[in-house]
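So, here come the structures, one by one.
In the two complexes below, chain A is the common chain; its partner is chain B in one and chain C in the other.
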Partner chain A sequence: MADGVTTAREAGETEAGVAGSRLAAFLETLDEPATLLERRRRAWERYTELPMPTRKSEEWRYTDLSRLDPESHVPFAPESGEEENRDAGDLPEQAARLLEGMEARSAVAVRVDGRTLHRRLDPALAERGVVFAPIRRVARERPELLAERLYTSDVSPMEEKLWSLHVAMLTGGDVLYVPDGVRVPEPVHVLRWAGEGDRLLSTHTLLVTGREAEVTWVEEYLSPDLESPLLSLSGLELFAGDGATVHYLSLQRYGRGVKHFSIQHLLAGRDTRLSGLNVNLGGDLARDDVTSHLEGPGSESEMLALWFGDGTQHFDHHTLQHHAAPHAYSDLLYKGALTDSARSVFRGLIRVDRGAQLTDAYQTNRNLLLSKHCHATTLPNLEIEADDVRCSHGATVGQVDEGMLFYLMSRGLTRLTAERLLVFGFFDEVLERVPVEGVRERLRDAIGSKIGL
Partner chain B sequence: MAEHVLEVRDLRARVAEDESEILMGVDLTLGPGQIHALMGPNGSGKSTLAKVIAGHPGYDVTGGDVLYDGESILEWEPDERARRGIFLAFQYPSEIPGVTISNFLRTAVNARRGEGNEVDVFEFQKELRERMGLLEMDADFADRYVNEGFSGGEKKRNEILQMAVLRPRLAVMDETDSGLDIDALKIVSNGVNTLSKEDAELGVLLITHYKRILNYIEPDRVHVMIGGRIVESGGPELAEKLEEHGYDWLREELASPT
Partner chain C sequence: MPHNETVEGLGLDEYKYHFVTRDKPVFKSRKGLSEEVVRQISAHKEEPEWMLDFRLRALKIFESKPMPTWGGDLSTLDLDQIYFYIRPQDRMQRSWDEVPDEIKDTFERLGIPEAERSVLAGVGAQYESEMVYHSLREEWENQGVVFESIEDGLKMYPDLFREHFATVIPPADNKFAALNSAVWSGGSFVYIPKGAKIDIPLQAYFRVNAERMGQFERTIIIADEGSEAHYIEGCTAPQYSTESFHSGVIEIIVKRNARFRYTTIQNWSNNMYNLVTQRAMVHESATMEWLDGNLGSKLTMKYPSCFLVGEGAHGEVLSIAYATDGQHQDTGGKVVHVAPHTTSRITSKSISKGTGRSSYRGLCKVYEGAVGSRSNVECDALLLDETSRTDTYPYIEIDENEATIGHEATVSKVGEEQLFYLMSRGLAEEEAMAMVVRGFIEPIAKKLPLEFAIELNRLIELEMEGSVG
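Here is the complex of A and B:
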C-alpha cells in the first residue's frame, strides 16, 4: 500500500467524530451552497436508514454487496466549483495523452481525482446559452437550472441505497444545459481519471436539453490498476426536451481494483430521440442500472451496451424501458463477451403502462463465451398493461463458431487472434450505431486494446 | 528448396471420432509452378483432402503423410500452415458478421508478417485496392462484412482476393468455379493465371467437377479421385475424356481388376 494512501485513511479516521463514521464526518467538513448541502444531508439520512441490499432480492441476486464497505474508503475532497483551467500541455501526462485526438469536440473536461483540471466549451455555443460547468458553480450562479431536476429521478427502491450514498458523498459533477433549438455540432467529452485506491469517487452528470436541441455526450472513466480498491459511484440524470436528439455514451475503462456502480435515468419528452451506450471494459466489478422513461408520446429510445470481461471481472446490468406514454418506441441491444472466469448478468424489463397504447418495444441480450469457466446469466422480462402493443424480447448465450474459427485460422490468424476478431465482429452491430465517427473509432480502439487486437 | 511443393503419401483420413475412412490412401505430388486439377464425382473425398491439407480439426489422419516443401505438416496447426504459405480457397466460405474484408485481410497479413513488423495501413489499402482491381471488384467491397449476404459468385471472388493478397506458395482451390457465371469464371481464372505468372513457384491444386474452368486455366496434370483414392492421372486430355464419357468407365475399370 502506498504511503499517501495510508495517510489519507488515517486522516479520515481522526476526523471521524460522528458516530464513528468517517463518511458522516466528511459531510461536516463541507462548505457549499445550502441547497446542495441539504440534499447531501437528506441523502445521508436515507442511506443510514436503508439496509444494504442482499442477494435475497431479485435485483441483487447475482452481485453480492455484503463485502462492500463504503466506510473503508476515503471520499475524495469535493470540487470547489472554482476550477483550474490548465492548458492541455500542463496536464498530468496520463490526462494529456487522453486528450489526443479529441480536437473535434464542442466541449471537453478533464477531471483528475474528481477535480477539474481542464475545461473548454466552444465560445460560440456559450454565446448561444449552452452551459457546461461543475454542479457547484451552477448551484451558485444558475440555481434555476438545477431546480426540479437535480436528484429528482425516480430511482427504484433497489437503487436507492447506493444512489443515496452517491448523492451524499458527491465528489463533483458536470452540468450540461443546451437551450431550445441549439444543436451542439461535435460531442461533449468528459474524462474522469482516478489515480488512487482506498478512495470513494462519486460523480454526477446532469444533462438538460431544451426543445429540438441536439447533443452527443461522452464520458470516460479511467484509472491505473489499483492495489487498494476504489469505490466509484456515478449518477446520470438526462432530461431531453420535446423533439430533442440526445446521445449518451459511457466508456468505463478503469484498471483493476475498482468497483463501479452507475445509476442512469434518461427521460424522454414528446418526439424525443434518445440513445444511450454503456461500454464496460475495466474494473473488478461494474454494475449499471439504466432506466429509460418514455414520458412523451412519439419518443424513441435506444439502449445499447457492450462488455468484454476477462480474469474474474463481474459485470451486472439492469435495465428498465418504462413506457409511460403512447406511441413510443424503444429498442435495447446488450452484447457481451467473456473469457477466463469472468461473469456477467443481464436483467432487463420492458414495462408498458396501461395508457401506453401503440408501444413498440424490443429487448435483446446476446452473450459470447470464450472459455469454459466464464458464465453469463440473462433474464429478459416483459410487464405489459396496455393491450395494443408490439413487444418482444430475446436472449442468447453461445460459444464462438468453430467453422468461423477455422476459416480465420486458415488465413494465418492464431486461435486467440481469430477469437478476438470474432468478438470485434460480434460487437460491431452495436458500434455501428454510434453516431459520431470519431467516437466510434475511440471506442473501437479502447475495445481493441482491452481484447488485445 | 524441396523438389515438390506438395507431396501426399498414402494419406488416410476420417471424420474425427468416426470409424469409416474417407481418404483411403491418396498419393499425389505437385511441383513448384505447377497447376494440377483434381476431379471426381461428388462424395469422392476431394474436399476432405483439401481440408486435411489445410489442417481442419474435424478430420483425423489415420495413416500416411502430407509434405509441404519436403516437411511433414501434419503436426502443424492450421494457422501455422497458413503463415507458411498454404492457402485453401473454400468450397463453402464462412460468413463472419461484423468483420470487414479489409480488417480481416489486414489482420491476416499482419499474422504472416509477425509482431513488430505490421504492414503500414496506407500501403495495405493501396495493395488491397490493386488486388481488387485485378478481380474487377468495386472499391466498397472491402468495407463489406466477410461473405455476409454475398452471392455465391462474390464469395468465390472473395476467396481469390484473399489468395491474391496473402500470396501463398501452395493454393488448394476447392470448386472455386462452381456457381460462377461465365463472366465471373473468366475473372477468377484470369486472377489465378496472373498470380501464377507473378510467382513462378506457386503450386495450385484445382479441385473441380467440370472441365469448363480448364478452358481458362491450363493444368499440367489431371487426377481423378474416386472412393477416396486417386484412380487415374494424366495430361489435360484426361479432362476431355471425362467430359465426354463421365466417370463410369473408370468405375468399371476399378471393378474389374486387370
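Here is the complex of A and C:
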C-alpha cells in the first residue's frame, strides 16, 4: 500500500459495475500521497453506492438533478503540488486582469483550470508560521495540519453524493493555516478561473486557525460563458480556534454553462467569531449548502448571502445554524433578487440542541421579484429543543417599492435604472456588513455589472 | 364477521380510568382493510353504485401511495389492527330524549348537556362511527339550512351531494384522504342557502369509544352565495391502552360573498393518531376562517387549507397547539392563491411542555396570475421546559411578482421578568405562569365562542398545575 499508484489501480479494479467509467479511470491515473488517495477511493465507493438525490427528497425538492450526468464530464488533471509561480506579467491575460488591485492582499493565489499559476504569501506572515499552500503539498510536508480535519465534515445524507464526488475527483485545493494569536492584516484572496467546458472541476478549501487568530478569506469563481457545460464542485472546511475571528467570502461569477455545487462547513470554537458571505451571480445552476456549527460556548456566526438571477438561472441555498453549545449567537441574512425566468430557493434551518441554553438565533430571507415569470421559494425552518432561547425567523417575497420607484423616476431616471438602483440598495444591507473595504468594493462592482448599473 | 360483538369482548374493562360505557354496536366490520370491508360498508349504508365505485377507486389509490415519511412518526401505526367501521345504532335520533342512556352518560361526563342547554342549536353528535343524535333548530329549518348526517345527506340530497362530494379533496390528494374516501362513515352534510345568516354556531361533537376503532368522518359544507355561518366541531375521547386512529376529511365550499368559519377543538386522548385533511374552496369575495385548536392526541397532522380561487377571496387560519408529554402536534395551515387580489393570514401559536413537541408546518403558494395577492404568516412558539421541543417548517412558493408575502416566527420561553412582575403582584408562580400562557393564546381564544374560551382557559390552568418547581 506504500505505492499510491498501485492503490489507485486496485481501487479501480475492485469497482465492478463502473466498468467504462471515465471517472473511475481518472482515479487510476493518480500519483499522490497514499492518505489522500485512500480518501479518494473511499469517497468514490460511497459515490457509487449512493443514489443521485431526486426531487422526492425534501432537500432537493426544488432543484432537479435528473439531468446532471457527472460521467459526461472529464475531470481536470489534479494539481501536482509542485506549482508554477509565474509573475503577474506572465499570466494569461484574463488571470492577470483579475489580479489588478490585489497588490495589498496578504496572500493571493490564481488557479486556472485547477492548476495554480501564481501564489504569493506575505513573507512576514510565513515567518510567523502561516501556511498557504496546495493540499497535496501540505499532505507531504505538514500532514498534521490535515489530520482529523480534512474531509471530516458531518455532511448531511442528502449532500453526501455530491460531496463524495467532490472528494473523489478533487482537482486541487488550498490550505490556509493561521497559528495562535496571528492576525493576518489583509485578506487572503484566491481566484479560480475555469476556461473549458465538458470538464469537472473540484476544488477544496481547508481553513484552520489557532486561538485568537484573525483572517479574512476571499474566493472567487470565474469563467467565460461556456458552450459545453462545466461541473464545478467545491468544498470548504473551516476550523476556527477559540477566540478567533474569521471572515469567509465567496463570490461566484461564472459564465453561463456552469453548474456549481458548494458545500461549506464552518466550525466555531469557544468565543469564536465567524462571518460568511456567499454571493451568487453566475452559472446556470448554483447550489450552496452552508452549515455553521456553533460548538463552543459564546461563539458567534454571521451568515450572509446575496444573489441576482436572470435568464433561466437557478440558485438554491441550504443553510444550517447548528447550536450545539450554550450562549452562542447566530444571525443569517439571505437576500436575493430575480428577474426574467430565474428561480431561487432558500431552505434554512436553525437547530438548537437540548442544553444549548441562552441561544440567540435569527434567520431572515428576503426576495425581490422583478419580473412576471421568476419564482422564489423560501423555507425558513426552526427546530428548537432548548427552552431558554431567543429565536426568530422571517421571510418575505415582494417587489420593489412603487413609491420609491416613482420618486426616482420623478428625478429623471428611467424605470429600469431606478429599479436597478433600488435592487442595489436592497443588497447594500448585506454588503455594508463586509468588513474589508477593498473586498466590499469588489463585490459592489461585480454586482453592479451583473445588474447593469 | 363478528356481528353484535360487544365492547366487553375487547377487554375494555381493563381500561384504567374505567371511563367506558357499555354500548352495543349493531354492526362491526372485521379488523383491517380490504375490498370486502369497503363493499360491506357501502352495502350496509345502502349506497348508490357510484359511491361504491368511488370507495373502491379510493382504496386502490390508498394502497398505491406510500406512507408519508415527513411530519410525525407513523411507524407504530398499524392499520391492520383497526376496525374500519362500527355502527352503534340503527337510526338517527331526532331529539335528546331518544338518545340511549349509556351514550348520554358519556356525553354527561364530557359536559355536553350543558352546551346543549346553552347554545346548542343543531347537534350531530358522532358516537363511534355515526351520528346518533341530530336536531336542528326550527328557525334554521325555516331558513332552509340543511344539517344532516353525511349518510342522510347522500340519501336526501343526492344531486347536491354528488355535485360537491370530493371536489375539494379528491381521493388522490394524500394517502389518508384516499383512506377516508374508501371507508368514510359519519360526519355532517351542511348546506347554508343563499343569503342565510346563521348567528348561533352549528355544533357537532365527536367521540370515539371502541378500542382500535378507526373513525373516518367525512363532512361537506356548502355555504351558498352571500351566506354566513359558523360550524364547531369538538372531539374528546377517553384513554385506551393501545393506539387509536382518526382520519377525517372536511370539505368546504364557500361561494361568492359568503363567510364561513369552521372551529375545531381537538382533545383526543393521548394515544390517538389524528390525521385530518381539511380544505376550503373559497370563491369570489368570500371569506373562510379556520380556527384550529389541537390539545389532545398522540400525534396530530392537520393543516387546514384555503384555496383562494375567486378574485378577492380571503382565507384565514388561526391555529393553536398545545403539546405536552408524549405528544406531537404537527399542525399549521395552507393558503393557495390562485386568483388575483386574494388575501390570507395564518396565525399560529404553540405551547410545548414536558416532552411535548409542537411543529408548525405550512404552505403559502401564490400562482402566477394571482396579482395583488397578499399573505402574512405569523408563528409564535412558547417553550415551558428544557425537554420540550418546537419546530417551524413553512413552505413559501411564489410564482407571481406582484404579490406581497411575509412570514415571521419567534420562539421564546416564559420571561422571568414577566413572572417576577406577576409574582410581585401577589400571584403564585403557577398562577403567574398560567396567566402568561393565557395571554399568549389570547388572540386566538378571544375568537372562540365564550364557553369554548372558558374551557380552553380551564384546560390551560389544569395543565399548568404542578408545572412549576
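Assume the second predicted complex is superposed on the first by the 435 of 453 C-alpha atoms of A that agree within 3 Å, B and C clash if a C-alpha of one lies under 4 Å from a C-alpha of the other, contacts with A are read in each partner's own complex, and residues count from 1 in each chain.
Note that a contact is a pair of C-beta atoms (placed from the backbone, for glycine too) under 8 Å apart; a residue touches a chain by one contact, two chains touch by 3 or more.
Since the structure is predicted, the reported quantities are computational estimates derived from the model, not experimental observations.
Looking at the superposed arrangement, the partner reaching more residues of chain A, out of chain B and chain C, is C. Of the two partner chains placed by superposition, only chain C is touched by A:354; chain B is not. Shared-chain residue A:428: touches chain B; no touch with chain C.
In the superposition on chain A, A:387 makes contact with chain C only, while chain B stays out of contact range. After overlaying the two complexes on the shared chain, residue contacts for A:407 are found with chain B alone; chain C is out of touch.
When the shared chain is aligned, chain B comes close enough to touch A:417, but chain C does not. Residue overlap on chain A between its contacts with chain B in one complex and with chain C in the other: absent. Here chain A touches chain B in the complex through residues 401-404, 406-415, 417-418, 421-422, 424-429, 453, going by the rule given at the top.
On chain C, the positions that touch chain A within their shared complex are 70, 366, 368, 381, 383-413.
Residue ranges on chain B touching chain A, taken from their complex, read 54-58, 77-79, 81-83, 87-88, 90, 93-99, 103-105, 107-108, 111-112, 145, 162, 166.
Touching chain C in their complex are the following residues of chain A: 58, 354-355, 357, 367, 369-399.
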